[in-house]
Amino acid sequence: MNLHEYQARELLKAAGVPMLDGGVAATADEVHAIASRIGGTVVVKAQVHAGGRGKAGGVKLAKTPAEAKEVAARILGMTIKGLVVQKVLVVPAADIASESYVGLIMDRESQRPLFMVSSAGGIDIEEVAAKTPEKIHRLAVDPRFGLMPHQSLGLALKLYQDFNQVRAAARMMEQLYSVFMANGASLAEINPLATTSDGKVLALDAKISIDDNELDRRPDLAALRDESAEEPSEVTARKANLTFIKLDGNVGCVVNGAGLAMATMDLVKYYGGDPANFLDIGGSSNPEKVVNALKIITADPSVKVILFNIFGGITRTDDVANGIVTATRQFKVDLPIVIRLTGTNEKEAVKILEGVGMKALNDMDEAVKQAVALAKGAK
Amino acid sequence: MSIFVNASTRLVVQGITGRDGSFHSKQMLAYGTDMVAGVTPGKGGQKFEDKVPVFNTVADAVRETGANTSVIYVPPAFAAAAVAEAADAGISFIVCITEGIPVLDMARIMPFVREKGARLLGPNCPGLITPGVAKVGIIPGQICTPGRVGLVSRSGTLTYEVVNQLTRNQIGQSTCVGIGGDPVIGTNFIDVLAAFQADPDTDAIVMMGEIGGTDEQKAAAFIAQHVTKPVVGFIAGQTAPPGRRMGHAGAIVSGSSGTAAEKIAAFKEAGISVMERPADVVRLITERLKN
Amino acid sequence: MNLHEYQARELLKAAGVPMLDGGVAATADEVHAIASRIGGTVVVKAQVHAGGRGKAGGVKLAKTPAEAKEVAARILGMTIKGLVVQKVLVVPAADIASESYVGLIMDRESQRPLFMVSSAGGIDIEEVAAKTPEKIHRLAVDPRFGLMPHQSLGLALKLYQDFNQVRAAARMMEQLYSVFMANGASLAEINPLATTSDGKVLALDAKISIDDNELDRRPDLAALRDESAEEPSEVTARKANLTFIKLDGNVGCVVNGAGLAMATMDLVKYYGGDPANFLDIGGSSNPEKVVNALKIITADPSVKVILFNIFGGITRTDDVANGIVTATRQFKVDLPIVIRLTGTNEKEAVKILEGVGMKALNDMDEAVKQAVALAKGAK
Amino acid sequence: MSIFVNASTRLVVQGITGRDGSFHSKQMLAYGTDMVAGVTPGKGGQKFEDKVPVFNTVADAVRETGANTSVIYVPPAFAAAAVAEAADAGISFIVCITEGIPVLDMARIMPFVREKGARLLGPNCPGLITPGVAKVGIIPGQICTPGRVGLVSRSGTLTYEVVNQLTRNQIGQSTCVGIGGDPVIGTNFIDVLAAFQADPDTDAIVMMGEIGGTDEQKAAAFIAQHVTKPVVGFIAGQTAPPGRRMGHAGAIVSGSSGTAAEKIAAFKEAGISVMERPADVVRLITERLKN
């Protein structure tokens, strides 16, 4: 789960990371009030879960409260990469002398939180990484010992010469690490970590993503989720414990397991069709999930056929069958449904489906071919 | 023989009395797995299905039954601790089925598991099966048949699909292993490939990868250097949309790697026969075993 | 530094350890008020840094507030093992069904925090340990991983059969461990860990000692020190950064280093004398320390001679010589002083002492023999 | 030769610019120790005494000077971190002089030091000296003389006392080692005894213990089993009052052990000649070397 910049700032601030005092607002009037309180030039920043806000016009300078209000009125409601801006963050404009980058991510390879720092920070950090990888310094932190003082100092020495700045940056890395670990983050970034012309070191922008698996036991973090900033169909899917990604085709896919879901989409393409979505109903079986999956897919008008591809393991195919039967009783499904079921409790599943006059195929290729043919016939 | 589980596997099920744990324990028992114990704290002294003794702790189970392998079905919030408990009790092979374990929980306990000298398979994996001998996890036993092809996969149900293709075409398996797709896992492709290469009863290997990360490329490099047995490979996700970027850091760590095209190229370069669709496995394995 | 029971209770309570609600009081009237608030029978417990309070009459039951006041009036001001009772803790009398012991100590051998638990808790736990050591269960916690859930459960299973009690005890061990680690404790004990007749698990008494080395960076803990509950000469010594223990003899010893201090006392005894104290001026040299050491020793009327035994290493002997000179200028020292100095900056030290007409010996045996002879002559 | 420090010792001083650090660094330099670097964060680029380069980090010092041994004089709140830094930078022998380090700090970093394969001497110890070759720590050089008696002690100044007795009587030392008296230390009696036993240039060993704990008894048992060289021992604290009890737990852990009488008995049983007073060392060593 991605946090908004203003939420990430709050977590970092509580840990002591130095940053400029700002405020978050949902209306242009609130922005005026905040800008008045701050005084001087401010930056108004769109709070959306999308990169490249600045280039999309979602970050603007304003010299006066009146200008801030005006700018905010333009940014609020703006759409950036499909997401509507609901809130803006207002912070004083900083007098930046240099920009560094500090990122901390859960690294698959080392299986540890990995620091990446560079004195060449700012919005072009990815280009720096691609073109001059030697400018990115890395350190995997052993969680058994935490970030040790000589390690944070060593990282900070890659960023600054002035020892006051080195110590300030080292402290911020320790704070960033503690926020990361304490909140089950999968990513925590400060970019830019800026020095001002009077030598101070400040976090000017922050990004934190929380591991979704932490949220069940951390209601405080789960409460930070801003559903208004997400794709509605994905919100519905997540609430139903489904993984759903909308695509452009017309074959609606309901599959158990991400690997098989991808392989099913690949096979739809292989046989000349176009998948309408990625939808993984996951491991544990629960008829309700199938009902929700069908609701989400049938809500997409471009879908012409629904393809179930279920290989039972931990998922019991009879549960899926029951879900299909329940769904078709709860609401009318006008689309053709092609069902492929095999594995755990397959016999029971077939019986259940046959009981309502539905048929289940056993072969994946055959099911996909049928679904593609139906989708083409429906055009 | 087989890899990781065999006739001397003595299995303890952690979370044996839970919904998933009891369902799959029955299936493992029905398959003939030598299940010697179950563990559910607070239910020590009970018997599962009137025959498998249940203990409060894995240590008790090991002491009383000589269990050497464990499979974990406990809820995500407690699963990493269950892995640590098994390792601390002297279990040498631990299979964690549980999905949704916080990644940092795993990052914190993995070094402990390594120090204890245990091997962890998973988490968030379907486990493994040595057909005709032992099933540890959730791979449906009826789709497998004993034989000489080893299979390793990052995904669950896609594994079943391919195993099923093999079995329907009378190509038996030595062991089928699902390593799981979580960011932190105990056993990776290379570990399994090395085991299959060393197993005298495995003649060929099927490897099922996915988009994302660079594990498949590393495995391909390992195969080119260390695996003499024929390998057939698949990459799922050729038509999948690119995953969400994880900040700048995600882009910096992974660079441009992780696409299906790149992985397929790495496979081909390493001499791996690449399946276009799951059903291709039969033809390719047959071809490679002929040569 | 030992905490009082009521202070230890506060740290444990903040961590969530279940215990009976009580209050601490310095006067009998306050005790009356607390007992009235609690209602029913209460226990009034002397807060002193000494074991065996109960046997010394420092722990009493009282059925009514009036009786509690009366009991408190007797306990407050009482002397237990040389320490005057300044405060009492008042808690409800618990209906105890069983008493267990849970202790956590920094263990030299494993170099780890070591849990010791026994279902045979209570005031006789040391006898249990001596006579039936198999009743004490131990677990050294690896600080890299902390106390893992299966470990706390395993310990709790040594104490209880009832699984609600097992879980409650396991949780308390986790809380005890976190208090131990978060406060730099060298010891944390709950004894008894009691079950009440209605099955609840409660901490009825608690003892925590903080590593003195933690106090510099933990002013919150340093503030818990109760100087009124300590031997005054030892308070003075500690404030002067000296380690001082009063003994019964008449040869006052000022030595640098604990090992040499003990060997000096042993040698005083060897030559027929009796040391008046153990006093270690420690490693780093500082003339002020010597002045304070002399003040503490000369305050003891039984001292007949002062013996310096200084072997310079990190301690510079010239600093010690300067300290002696400064002290004898600041206040009149009527006692004979035998000085043995050797090691770092020895020449400078001898020169300093000779400058004020004092003599320094080089040999330890000779110095001790002289001091013992002077002490005997003074009798 | 000697143990732990010798002619190939290349020393880095952590905290070289502090009060104690600079004082003792001058003494170590004067003694002829091969001091190649100093470390004080923020003072990188300076020179100590116009010749020893100062670095910001131990890693820099190791890379630039090939330092292999470190001695630590940093304040207690930072000393455990300094030990970890040295170990992480590849220093194989670390001497920590600092007194007053929180015990849990040491308990937390000791496993790291071990994993890095480094040996730590101390903390709260006087260091060690191989007379005529290298002094690492604070043992006064002028009281030592080269020779063939190895000395190990839990205390600082008591060590000097005994070394002084030896030197004044023309009995030279191979290496004198102070292990320190803190609850958590890196090198114990047994480690040093084993090193002396293996050192071809040590003929006899002097071991100085104290009351408290059971390290001396364990060392005596080790000597009885593994040390063939003559050993002379001392226990300080025969007349000391019993230490304050550390709750019930302290009593349970240590039981009745820790008294001088018990330790002296263990020494005698292990064939160690026991000194009644420090000056006895000369007579006893001379006797034992004759036989």
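Lettered A, B, C and D in written order, each chain numbered from 1.
The rule is simple: a residue touches a chain if its C-beta (ideal position, glycine included) is under 8 Å from a C-beta of that chain, and two chains touch if they have at least 3 such contacts.
Remember, predicted model here, so these are calculated numbers, not experimental data.
Shared contact partners of subunit A and subunit D, listed by label: C.
For subunit B, the chain whose average C-alpha position is most distant is C.
Counting C-beta pairs in contact, the pair that comes out ahead of the other among A-B and B-C is A-B. Between subunit C and subunit D, the centres computed from C-alpha atoms are 27 Å apart. With centres taken as mean Cα positions, subunit C sits 55 Å from subunit B. If you average the Cα atoms of subunit B and of subunit D, the two centres end up 50 Å apart. Chain contacts: subunit D has residues 108, 111 touching two or more partner chains. Residue positions 144-145 of subunit C are each in touch with at least two other chains.
The touch graph of these protein chains has some other shape, matching none of line, ring, star or complete.
Annotation, chain-chain contacts: A-B, A-C, A-D, B-C, C-D (touch as defined at the top).
Residue ranges of subunit D in contact with subunit C, taken from their complex: 20, 23-24, 27, 76-77, 97, 99-104, 106-108, 110-111, 126, 138-140, 143, 153-161, 164, 181, 183-184, 208, 210-211, 213-215, 234, 236-241, 245-253, 255-256, 276-279.
Residues 41-42, 56-59, 78, 81-82, 84-85, 88-89, 108-109, 111-112 of subunit B are the ones that touch subunit C when the two sit in their complex.
Remark: subunit C residues 51, 101, 103-109, 111-114, 116, 125-126, 129-130, 136, 142-144, 181, 184, 186-187, 189, 191, 207, 209, 211, 213-214, 216-217, 245, 247, 255-260, 262-263, 265-270, 275, 278, 282-284, 310-316, 342-344, 364-365 touch subunit D in the complex. Against subunit C, the residues of subunit A that register as touching in their complex are 144-145.
Remark: subunit C residues 144-145, 148-151, 153-154, 157, 163, 166-167 touch subunit B in the complex.
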